[in-house]
Amino acid sequence: MFEITAGKSALRLNRPLMGASGAFGFAGEYSKLIDLSLLGALVTNPISLKPRRAANSTRVVPLDSGVLIHTGLPNGGIHKMHRQYAARWRTSPIPIVMHLIGSAEDLAECATFLDQQSEIASIELGINDTLTAREVRTVVATVRARTQLPLLAKLPLYQAVNVAAAAADGGADALVVAAPPRGTARDPLSGQLVGGRLYGTWLKPLAVRLVGQLAPRVGVPIIGCGGIHHPDDVRDFFEAGAKAVQLDSVVWVRPDMVAAIANALSGAELTRAAGALADEWRPYGETAERRTPLIVAPPPPFVPPPPEI
Amino acid sequence: MAHGQAIIERIRRVSAGIQRLELAVEPAQQIIGGGQFFLVRTTGTYDPYLREAWLPVGLRDGAVIVERPTRYEYAPNQVIDVLGPIGKPFPLRDSTRALLLIAYEATPAIFLLMAQSALARRAAVTLVLIGQACRYPLEALPSAFEVTRAEYHETWHERQQQIAWADQIFAVAPPPYDVPAYLRLLEDVQRIRHAMSADLLYGIFQPPMPCGVGACQACLVRLHNGEEVPACVDGIAFDLTRVNLLQNLPDSTGV
Amino acid sequence: MFEITAGKSALRLNRPLMGASGAFGFAGEYSKLIDLSLLGALVTNPISLKPRRAANSTRVVPLDSGVLIHTGLPNGGIHKMHRQYAARWRTSPIPIVMHLIGSAEDLAECATFLDQQSEIASIELGINDTLTAREVRTVVATVRARTQLPLLAKLPLYQAVNVAAAAADGGADALVVAAPPRGTARDPLSGQLVGGRLYGTWLKPLAVRLVGQLAPRVGVPIIGCGGIHHPDDVRDFFEAGAKAVQLDSVVWVRPDMVAAIANALSGAELTRAAGALADEWRPYGETAERRTPLIVAPPPPFVPPPPEI
Amino acid sequence: MAHGQAIIERIRRVSAGIQRLELAVEPAQQIIGGGQFFLVRTTGTYDPYLREAWLPVGLRDGAVIVERPTRYEYAPNQVIDVLGPIGKPFPLRDSTRALLLIAYEATPAIFLLMAQSALARRAAVTLVLIGQACRYPLEALPSAFEVTRAEYHETWHERQQQIAWADQIFAVAPPPYDVPAYLRLLEDVQRIRHAMSADLLYGIFQPPMPCGVGACQACLVRLHNGEEVPACVDGIAFDLTRVNLLQNLPDSTGV
């Protein structure tokens, strides 16, 4: 049980594992593929006060490592989204955290609205990467003043070290480190350079370092996020000081990894079922397993195969 | 919709450029309609990161037959990671007796499963191949198809009659040429068919699909009613009279 | 010809292409493999005022994308390094840029020394990623006051946007955007989490975005650096606003790419020699070529093979 | 030292766990001494990013024979990207009549090329396999070798005589076990051979090598004289009396 308390309210997670904003949708989009109750909580895709249209051209640029995605954060605005999803959120087996984006005023209005609703267990603020530490403090404090709900602040990767203390001072009950950074790449369809957020396994070492830098310094729990694709990655975040983690793009590329990671977190031992074929045994990841650690220099230790029977 | 492992049981070359693979898929993935497809990972690493779209072209005894270019190499017994079926089956009407399929610069493979149903119901199927699509090998198509070829939409001379004749029309073009191609086609169909019934003309939208389940919002198609719907859930075919084609045109915002 | 001028002195590059600090060594380490005269200039590995030992344990951690490397920036100190390499720098076919690291005082002392020497065409300052904009301005200005040499400032990735103007104000004649970021990963040999710099193809979209943000804003030329592995990558940096680029880890993984990129930059047409076998023709990269742009969604356009003869 | 493409001409399985590949390499790469090796890329992508070390075990008509575990799959005619030879040949003295080779938990393959020269000069070669190295198949070794096996350094009972007998000793252990293994061996050799001549005892240092040319400074070995030298240029064998072994012990600094 992982708990984030805020005065009388609390966000209680059966497992220190969350689905990250932007990856899992607004509610049960993944429920046919994944037992979402394996997660401790689900963070919705970003929601704003007013409706946002999809970016004029949606951009998905496959990169040599990972992918660039720009959506424009389309959503119908908090009131429409609430009408549309409230029933599903209410019956969700796990707590729902609403990810909010916008100006301080917009966020405050959203928070005031959510404080009257019962479906949402917590708010996660998407901290814009152009804000100074002082502005981050103001944004968080403004929202904090309007809601009793536990408040998470998701920090931009580059600015995480600069704004973490400000977010905690402003009243965030936990910090999510970090949101995927923005980048620029050439869209193969249009031939243009386009901007968007970047996802991939390479994010992990960047985010783990930030968690390691921030965990000893800030007084609130840190939730690690970025590039987690394997139970071992979660171990690295915890060792660096995270108290929980969020999964993001791994759910697109290996939905089965969500259960594998959740089970590893609960200490469930995963062994190959007696009689299972090699390719049926995939506790976490024979088909996209991490490479054997290393090896550029000779000589390899001699690791013989199991004796022939 | 399921996520599982499939085994490549057979590989057959059907032409110099095309091979067909028989996949032993999970039971839940054996029920697949024309227009639905799989998102597949063949590598044991995250390179490439996103899945490839594999198009079913036939079904046989629980196996799904997909079509792939021969420039990719596969091995019998290879185990692959399969997500799907993605999307909805094409809305082929029971009453359709004349089916017009148009491939602009794209493989017509996505049509083959639906066309088999249509032929089985004794519908007449005309396939129009435009541009590079002309090089799709005839031997890979059912012999009952009537095939028309043209270099450009404008030089598809039979289009007046063929559009007038059809009960339903499906067109495919790869992004970013899809919207321009569908705009021209829609204009022609509206001109030729004055009172266009709903369910007459469908265009296929095939943006890259990171998730395939409607979660990542990367594949949204804008409709006239203001809705933005994921092609991976509500597509991949859309009634072109419902789609706000101009709003789906890519913009060119830079860095 | 790309030129960076500083008062009466200038750094003149035959091609807008440099070997980055840390990748190419101190002088001719790559001369057996690469025609270094194809580069416009070579930046030395980092040099400090006083000697620095190799990190207590050198760390190379292969990652799912790229590699983490920590060396501790070993070098014998500027005076010993100068004695050791002056002859080679003097006969170098291309200008040598010395990469300097250390405190403002150390850097000033190094610059004063170099101003008396003739082997070095320019100084590149490695800007520490813990410095504020104000401190960056001071460091650069302190060095600027001691040398007539053209002065480049290599900015840390995360802080590039925050400190670029300060570096230019302090007197940098060009900005290198950006140095590889630090990260944390588990060393397969020790089983420990270790820190180091991160290299790989994924760096490119991050760096291209920064170049695109900074180029219109700062009054000095920007030299793009990060993740370049292919001539197309150079094109992206130039389109984003860079006036020159630095190659780094590509030289380790594909030394032949250096010539390929240099030739592409001079407009040299690379065609397969008549009679060459397919595997002998590698103008830039059949063995580690970028993937066909994209493809996640059906249906693929039908691209038939050339007709059988 | 060159960078070129090689063709895998032949693949032979020499035991259940080992295969040997005959590589047609560039002319400049055909001159390779025992102890030198290649850094190889087999993939067409940058995954994995760093090259693999491939160990030559023989030469034949311009082809270089390397040894690889059978768990990796290769195809005849496969074209690979080869950098090397890396490092210096092992300093085998002409006068060496008794050569002692020790493999701690590592394949002894790195010794085979040098051992062939030694055998050709009628030297006696003793190979000591310790730990997992014991499982290296005898059939992959020249029959002229005398082979000793032990589970640990401490249970290598012949070490007193074998160390006393040798004119030169070479030991290999994989990092991070190299330094601890060499410390124990050096202690034994110093005890047994009182006045140790230079060029008697060599240890192999095999850190990961990003560049292989001395540029990236990731493979430095610390010597007693204060120098830090790249294993990829000055190694991979170092006279253990010159190496500051304690300073080469890994530390455990965290995040």
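Which chain is which? They are A, B, C and D, in the order written, and residues in each are numbered from 1.
FYI, a contact is a pair of C-beta atoms (placed from the backbone, for glycine too) under 8 Å apart; a residue touches a chain by one contact, two chains touch by 3 or more.
Everything numeric in this text was worked out from a predicted model, so none of it was measured.
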Problem set entry | subunit B to subunit D, fewest steps along touching chains | 1
Exercise. If you walk touching chains, what's the least steps from subunit A to subunit C?
Worked result: 1
For this session: Just grab the chain with the largest centre-to-centre distance to subunit D, centres being mean Cα coordinates.
Result: B
Problem set entry | CA centroid of subunit A to CA centroid of subunit D, Å | 45
Exercise. Once you find the CA centre of subunit C and the CA centre of subunit D, what distance in Å lies between them?
Worked result: 33
Problem set entry | Shared-contact residues (touching 2 or more other chains) in subunit D | 45-48, 50-51, 175, 207-208, 210, 219, 254-255
Exercise. Using the touch rule from the top of the page, what residues of subunit A touch 2 or more other chains?
Worked result: 60, 62-66, 184, 189, 193, 195, 200-201, 208-209, 212, 229, 239-240, 291, 294-296
Exercise. Which bits of subunit D are touching subunit C when the two form their complex?
Worked result: 1-3, 5, 7, 41, 43-51, 79-81, 83, 175-176, 207-208, 210-220, 222, 228, 247, 249-255
Exercise. Of all residues in subunit A, which touch subunit C in the complex?
Worked result: 60-66, 68, 157-159, 161-162, 181-186, 188-189, 193, 195, 198, 200-202, 204-206, 208-209, 212, 229, 232, 236, 239-240, 290-291, 293-296
Seminar exercise, completed: As the complex stands, subunit B meets subunit D at residues 45-47
Problem set entry | Complex interface listing, subunit A residues touching subunit B | 22-25, 29-30, 32-33, 45, 53-54, 56-58, 60, 62-67, 69, 71, 73-74, 184, 189-190, 192-195, 199-201, 229, 249, 251-256, 279-280, 282, 286-289, 291
